[in-house]
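What follows is a set of structures to go through.
Each of the next two complexes has chain A plus one more chain, namely chain B in the first and chain C in the second.
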Partner chain A sequence: MTERFQRGSLSARFGRPVVKLVLVLTLVFLAFPVVMTFVSSFASDWFGVFPSGFVTIQNWEDVIVGTGVGADVAVGSSLAYSTGLALGGVVINLIVGVPIAYAVARYDFWGRDWVNVFAILPLAPGIILGVAFLRTYPDLSTSGIALIIGYSLLKAPYMVMAVQSSFQSMDLQQIEESARSLGASWPRTFLTVIVPNARTGIIAGSIISWTLAAAEFNFSYIVYSRGTPPLAIFLFNNITNASFLNAAAAVSVFFLLIALVTVSLQIVGNRGTIRRV
Partner chain B sequence: MAKVSLENVTKRFDSTVAVDDVSIDIADGEVMGIVGPSGCGKTTALRLVAGFETATDGTIRYDDEDVTPVPPENRNVGLVFQSYALFNNMSVLGNVTFGPKMHGVGKAERRERARELLELLDIEELADRDPQTLSGGQQQRVGLARALAIEPRILLLDEPMTGLDAKLKQTLRQELGQLLDDLGVTTLYVTHDQEQAMSMCDRIAVMNDGHLEQIGTPAEIYEEPANEFVAGFIGTANLLDATVTDGRISFGFGDVDAPDGLRSSGDVTVLVRPDDIRVGDGEGDAAVEVTNLFYQGEHIQATGTLADGQELTLQLDRSLTNVETGDTLSVGFDPETLHVIRSTK
Partner chain C sequence: MAADQVSMGTRATGAVRTAVGSVVSPTSERQREIRRIVALCLPFSVLLVFSGVFPLTEMFRISFSESRLVTEGFTLEYYRTMVNDPYYRNIAFNTLWFAAATTVASISIAVPVAHALEKYALPAKSVILTILSFPNSLPGIVAAFMIIILFGNTGVFTNLLAFLSGQSRIDVAISTGVLGLFFAYLYSMIPRALLLLRGTYSEINTDAEEAARVLGATPLQTFRYVTLPQIKPGLIGAFILVFRTGLAIFGTVLILKGLLVWTLQIDRELAQGFNIAQASAMATIWFVFVFGFTVFALRYTSAEVSI
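Up next is the complex of A and B:
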């Protein structure tokens, strides 16, 4: 028994290394396709197991300038269009979602649980919401406004959940009451104390809902009819109509964009943690 | 600074009466404590004074001004919570200057005022720190500085020391008591800790179940409690059943002289504090069989049973280490230390 005690149990001896191994394998499994796609976007051929013919920027040029067979528009215009649409969705979510998250976290009111359920459950899959929009607002549905409203509805739960968790981690009532006792009106308390204290959740919610909205395919596919295609449709066209290498460049544009947005919002979030007076 | 009055204030939440017809007058510069068990209505009373709750009935006045309908941001009250509720999006200095800024004080003046307060509270070196990086004691001081920065008409402290360790609590209690004395700010101090209230407050209001049971100086509350609840809540109390006849108090275990000027007669409850009971002098009024002993450092607390079965708590000198459970001690009562309360049984 002493010997076994000294050696330790199986889980004590191998538990940590096994968990590490599983974690590393999972990360590699998830990251490998992304890395391979990015790397292959600079290759001119991919016939065997690995791409070859490095380094060319032809695939990126096709996508960026819009000369590829995949799509007749430059990625820049699609990107700018989707960035704007997704941003519009985020703005609506900030205006509507943050107060909802605050109300649910702060107050006990009739129907609170139902508000919470509707706010954090995705109301409908994108494809269903898209069909409903087309049926209900046939004129509106061909415009960017429909896409903005749809994106905000579909991604609202991510904003509400992230912000709500920030609100729940602080003593909301006492913070609010302290500010009011110091002479701040309720709107001022909300804007200068409550919202900045929930900054982490608001930034996280914005990143998640923007990224998911910019990449939303189902709703965009149903509602989009003409004009500049949203990024998801642009990528889809590149993937279905062009060579895999062109598609790889198109997808890489999106990866880079997400990385850029995430990093810059994180930097903005970390800077200004403390407001000097 | 102002005198603050609650006049027959009642607060109902649906069918629950949280504060029931309470009247308290707090003099200008006085430190008033409200103590009571959880759910007694003390925090609701504080929230009524702050303006976060509106009285269902009654009036709240600052000086002679009726502030019952005035919203909290216009009452000019300093508030310190148990959690301190510091604003983590601002530095310590930002927290302290927030109130003056809301009151329209110019930048230079509010910074100057904040620096003075931080210096007074001995935390001037923390001015640029993030509140989240401070210890509990430091956060408490910042919370206090923030509340004082608006030069409040009344300072409201809601269990401000509950989260701190015993040693720090003791230090801060002395410092805070001294500070409130020096500043002369009218203060309402809400706590469930009767020891803190006794040591820091000029007067104490004891609440139970929404009612005000008694209001008085710490000595009055401790030595002349109005009823059994106050006697039991403040300090350790022996409440003994007895009958008063002809200047004598008859307990089941024997008789003792009644205190001079006692007007009650018939069935009563007698309060006697453990530290007022003479132990083991040989000429006792009763015998107690010791059932439990608790060593408490400065003294030994003993509980025992009297001849009539009533329980008695004693305070023994710590030199009496030879006392064991099962021993019989003779105890004596000084008539002037017996406080007779009308029996509620």
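Up next is the complex of A and C:
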């Protein structure tokens, strides 16, 4: 028995180590640059193999306070502007996403699968929608309204998915019928019984679609024309125009934002949804 | 004859009126349910029409316009350019093979990773999962920056390679080449593929795998003949969605510029002289192709799309 085990096939001997190696390499590939970015944002220069001149907060200061050179702006105004735009998108997503998620989860109707596909698959990616918006709503692009409605369409699928996963864990028919038999009207049942029960999914969906809207670059780049740049445009300007380490600090600000969101999602307790982001 | 048409017309209007009437003031429980479904789907439909269907239709219309800035007349000029000009054909070819190659590469990496996550006892699994899903919330421009950190002129791997080969760092830096772009695509596509495949992997029937192993199959045979057939629908679904992602990548290419792809050319049409008609024609082709591809693939393959 032991002899047979030792002989084994090639895959019995090397299969597991090879698969583990792929896993480790993937982890390094994904995580290493993130760590390096964060570390180097505290360095004063990076000429050799590794950044040197620790610890300085000059890069962070340039990003947070702004350098005052040319049209450079501080991260604060971009962050605040993007926060507002993304919040607007989330409000629209709540209004459109929660009802349709309920319709698909609760009722059986003709064309339900296709409604579901349309609700979960993004209709068009940022750049295509951007070109369409540029043509259709040229006057809105300077005010930010175009960005808000664009974000809400682009990120609606994430809201629908998060809310749906909450609905799927509830016995919707029973809850609805109990409330109805106790005398609540259908709109009242939906608003005061169903929606509060799905709050975990709704909160998680709001956080996710907010983050993704704040991070949306392709659409913002095409539609944005002037005024305060949204966060993603701010990052782009830093990556292409600023010094390398300033860019590292700007990207690190963004990493912190994502980390904050991940932690808050964990507090909400919708772990399944985090992995879906 | 004419009377027939009139009566058919009135009958059709009548049918529509009854349908609308039953939604507005339902008389049976079934009709009330339909009214609820319509009410629930209405907000999303309004958003879809105003920010999706209407802008895309306008984009479609101006792509046939004779005038550059307003929709006027009808011409196929912009489409003819795309078909006849080898410049555009070349871009289309680049886009397709590059997206296909990166899709295949990212899924080939994501399958063993999903396998390890599902089957092996791994230390600090929640940390691993966080690292693997983190890039999903990063925009393409940040993925490009990650590649500059790794393979740029002062990148970590560039330094390592320069040290090992003895060449200058500029010669071994690949971040702005096709290979650098390839890695940048993988940076956003592997986590996406993984997300889809993990869902598929969690539904596998492990009894069959154990039985195969007990009956003497090697791990590779077990994977090939027992696991693979089970994950096939999920695998095809992942191919479709990741391929779509690959075709839509723009920010990454805008920074790294390794290869002229369709989305980058759309931006160039706008940046150089604001040729919105040509850009719209290109965007229309993109949209029709991807939409048709998705519908076709979901309809005629065993693909399972479970996001």
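Heads up, the rule we're going with is that the second predicted complex is superposed on the first by the 227 of 277 C-alpha atoms of A that agree within 3 Å, B and C clash if a C-alpha of one lies under 4 Å from a C-alpha of the other, contacts with A are read in each partner's own complex, and residues count from 1 in each chain.
By definition in this document, a residue touches a chain if its C-beta (ideal position, glycine included) is under 8 Å from a C-beta of that chain, and two chains touch if they have at least 3 such contacts.
Please read these numbers as outputs of a predicted model, since none were measured by experiment.
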Chain B versus chain C as contact partner of A:F54, first or second or both or neither: neither
First (chain B), second (chain C), both or neither touched by A:S152: second
First, second, both or neither for A:P33, with chain B first and chain C second: second
Larger contact residue set on chain A - chain B or chain C: C
Overlapping contact positions on chain A, where the chain C interface meets the chain B interface: 274-277
Chain A partner contacts - residues on chain C that touch it in the complex: 32-34, 36-37, 39-44, 46-48, 50-52, 54-56, 58-59, 62, 109, 112-113, 115-117, 120, 122, 128-142, 144-147, 149-150, 154, 156, 159-160, 163, 183, 186-187, 190-191, 195, 198, 218-221, 223, 248, 250-251, 254-255, 263, 266-267, 270, 276, 279-280, 283, 286-287, 294, 298, 305, 307
Residues on chain A engaged by chain C in the complex (per definition of touch): 8-12, 15-16, 18-20, 22-23, 26-27, 29-34, 36-37, 40, 46-50, 92, 95-97, 99-100, 102-103, 107, 109, 115, 117-121, 123-129, 131-137, 149-150, 152-153, 156-157, 161, 186, 208, 211-212, 215-218, 221-222, 232, 235-236, 239-240, 244, 247-248, 251, 254, 258, 261-262, 274-277
Touching residues (chain side chain A, partner chain B) in the complex: 170-171, 174-175, 177-185, 188, 193, 196-197, 199, 273-277
Interface residues, chain B side, partner chain A - complex: 50-52, 71-79, 81-83, 85, 87-91, 93-94, 97-99, 102-103, 111, 128, 130, 143, 146-147, 150, 156
